[in-house]
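Quick one: the structure is below, questions incoming.
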């Protein structure tokens, strides 16, 4: 078998196997010198990105992909002697999974390149990069897996690696405090998910998402399902940072080193993916989707408003951006929540699907521009040495490129045309107002407040007299920022590239749980 | 360093704990237990000696770099075993029923427990055992070292 | 009734854990509460795997019938492994926090607020 | 749908970034033309010297409006809201867990008694 076929056939497994191997080898390669280690890490991340692109291509060309670990052949989901239950670990890749995997891999690569420059003077860099790779493994695994217990395992990998990364710069104990809070909250959440998994396993005798969804559909929605569903959905809402369970977000993002906050954003978005996957695919067929949709809408509204108003109060640049991350998560919950609330009715094709596309498009846009903003914040802290906005000023005199990148990110997050934030926000506004005009009004007001608070940051950090005599940041950091800025402008001017290849397949995949089940269980079963 | 009685007890128990740990690792595929449990048992042996003799003495006997290396090697063995089966699928049990070193069939019914069965599972158990013994011991060592630093 | 005893224990242990996490003002006790919740969930998983009259899935000593499925045990084991990693990491964090703050009181470990 | 066509059609309208960009560039050009037709004889460099009532103009950080002064009016207007928000964000780990468990309990009750299935 030639290498190309090997990669094509095993792409879903390689998506987690390659970064996992990379993470384990990184400390060993570090013995050969820092340069070799950096080259290795970037190569692994680039290969992961390639695999993620390959997955998107495969899903768009051949439909839903199924990969069974250890099976012969690798598409044998239900072995003949298993009694009709998919017993093995299964990766199921549909449009939404491939979409999330692509975002994770992209931001992983960008943050890897950025950290080459920004962590240059830290000790134990091999551990930093190993954790970064492990975080990518966690996100990819959450996105690709088709088995709820595996989902829990990858969620824990994700949380532990993220918490360890947050504590990487001790910062006189403050970063460790943030990491402690983050780890406690994510662990209790993950335990609740495990409890729910145990309930589902006890009831349906299966761990496969498709199998559970099918058996739940056949036997009807019971009280136990209700408890399990509540545990899973509330926990995942907490993990993606929805108000009023968002307290760990500003701590974690605010204290993470350099550009690592950018990848933590994507780590929360993997939980957001989990929320959508569970509510559409696993529970969507049996549960009352309207009340689930309103649950998401209300969380989204709260997150949007409280996030942005709290951001206005902050004077720490990363903490301010972290509150904006909470606020932007609200848009995604709102968009997809409207889709879920109208699922199965005539209104879904009228505007629900557009709202979902808007919400999902906002996920990738948010990853790009919030990633860029966190990278610029990391650049400022790298040069100035403080994250306090009250002590900053006049940085545009010396850090011209950083200022331009910051401006691009700020305009994109505030929804100024023609950047990408506007495209997705427009899709959300113009579809959710048909469900209830109040939703669109809140979304628009929040967008204005976002612009106001980023003007505050831009004024206090970049404008004014020259206070700090600093140089521009190293080239690797600028390169990482320019990648994200390029995609922001590209998706702003040609939004249909993203919508056509990434967003629409993801929205249609979520809206069609029966196709998912049929693909995994092979028709009858 | 603790009293003479504790140290003597530790001396006496240490080899037995190690042997029991390796027994659990080696029989992972036919009895309850496996790599993690066995590795954890071995690490408790390390913890026992570390508590009995104190960090200053033990750091001359057990090097942290060796433990870290054990961790890395265990993880590498595990993932490479998974990669070898890639031509069929990731984690494919290419040794099962092949009659080679671990390739015998598992017989049904009551039997003494043949070690050379189950294909790649014993290899993975060994790898996990090495990894966990390294990982948990290194956690203990680092925590003891850091605890002294905090106290001062 | 007697077969529901494990589930009642699960609920009791879990509530003790929640109580420790919400009302105890010491970081170590918060971690202990987390471990209690974890033990409760593990107990729940294990008790789900019990089948009346079933035999443990060990090939060496059992007849070839009436074996229970080993999946719950595997799940519990994975959960224990993850729990060990989490606890080790949280306790290390506690040590670092104690070194820099000089206290483990949760009301004082709050340099990050608002 | 051709991915290279930039038009998005939403349920209530259309959006084309290229058209917007053209209009934006056009208005920029018009503004530039107006600017070019302005007074040519003005002296450069004269406008910069600011006179602060006889005082020496402040330098460095004093000449810069720091972050906490921006948006003061907004926060003053919403003072009761911000007081409630400050009370909510305590920074104590017990409260973080408490909020999570509280929302969990509330959602369990809501889903069990009012819909969900």
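For reference, chains read A, B, C and D in written order, and residue numbers begin at 1 within each chain.
Methods note: a contact is a pair of C-beta atoms (placed from the backbone, for glycine too) under 8 Å apart; a residue touches a chain by one contact, two chains touch by 3 or more.
From a predicted model like this one, the values you see are computed outputs, not experimental measurements.
Ranking B-C and A-C by contacting C-beta pairs places A-C first.
Averaging Cα coordinates per chain places chain A and chain D 23 Å apart. Averaged C-alpha coordinates give centres for chain B and chain D that are 55 Å from one another.
Per-chain Cα centroids separate chain A from chain C by 28 Å. Multi-chain contact residues of chain B (touching two or more other chains): none found. For chain D, the set of residues that touch two or more other chains comprises 89, 91, 93, 97. Of all residues in chain C, those touching 2 or more other chains are 21, 27, 30, 96, 99, 109-112, 114, listed in ascending order. If you sketch which chains touch which, the pattern fits none of the simple shapes: not an open path, not a single ring, not a star, and not all-to-all. Checking each pair of chains for touch leaves A-B, A-C, A-D, B-C, C-D. Those residues of chain D that touch chain A in the shared complex are 1-8, 10-13, 15, 17-18, 20-21, 24, 59-61, 63-68, 70-71, 74-75, 78, 81-82, 85, 88-89, 91, 93, 95-97, 99-100, 103-104, 107-108, 111-112, 114-117.
Note for the complex: chain B touches chain C at residues 30-32, 34, 36-37, 40, 106-113, 136, 139, 142-143, 146-147, 149-150.
On the chain B side of its complex with chain A, the touching residues are 68, 72, 75-76, 79, 82-83, 85-93.
Interface residues of chain D, counted against chain C in their complex, comprise 86, 89-94, 97-98, 101. On chain A, the positions that touch chain D within their shared complex are 180-181, 184-185, 188-189, 192, 221, 223, 225-227, 229-231, 233-235, 238, 244-245, 247-248, 251, 286-288, 290-292, 295, 306, 309-310, 312-313, 315, 350-351, 354, 389-394, 417-418, 423, 426-427, 430-431, 433-434, 452-453, 456-457, 459-460, 463-465, 467, 492-497, 499-501.
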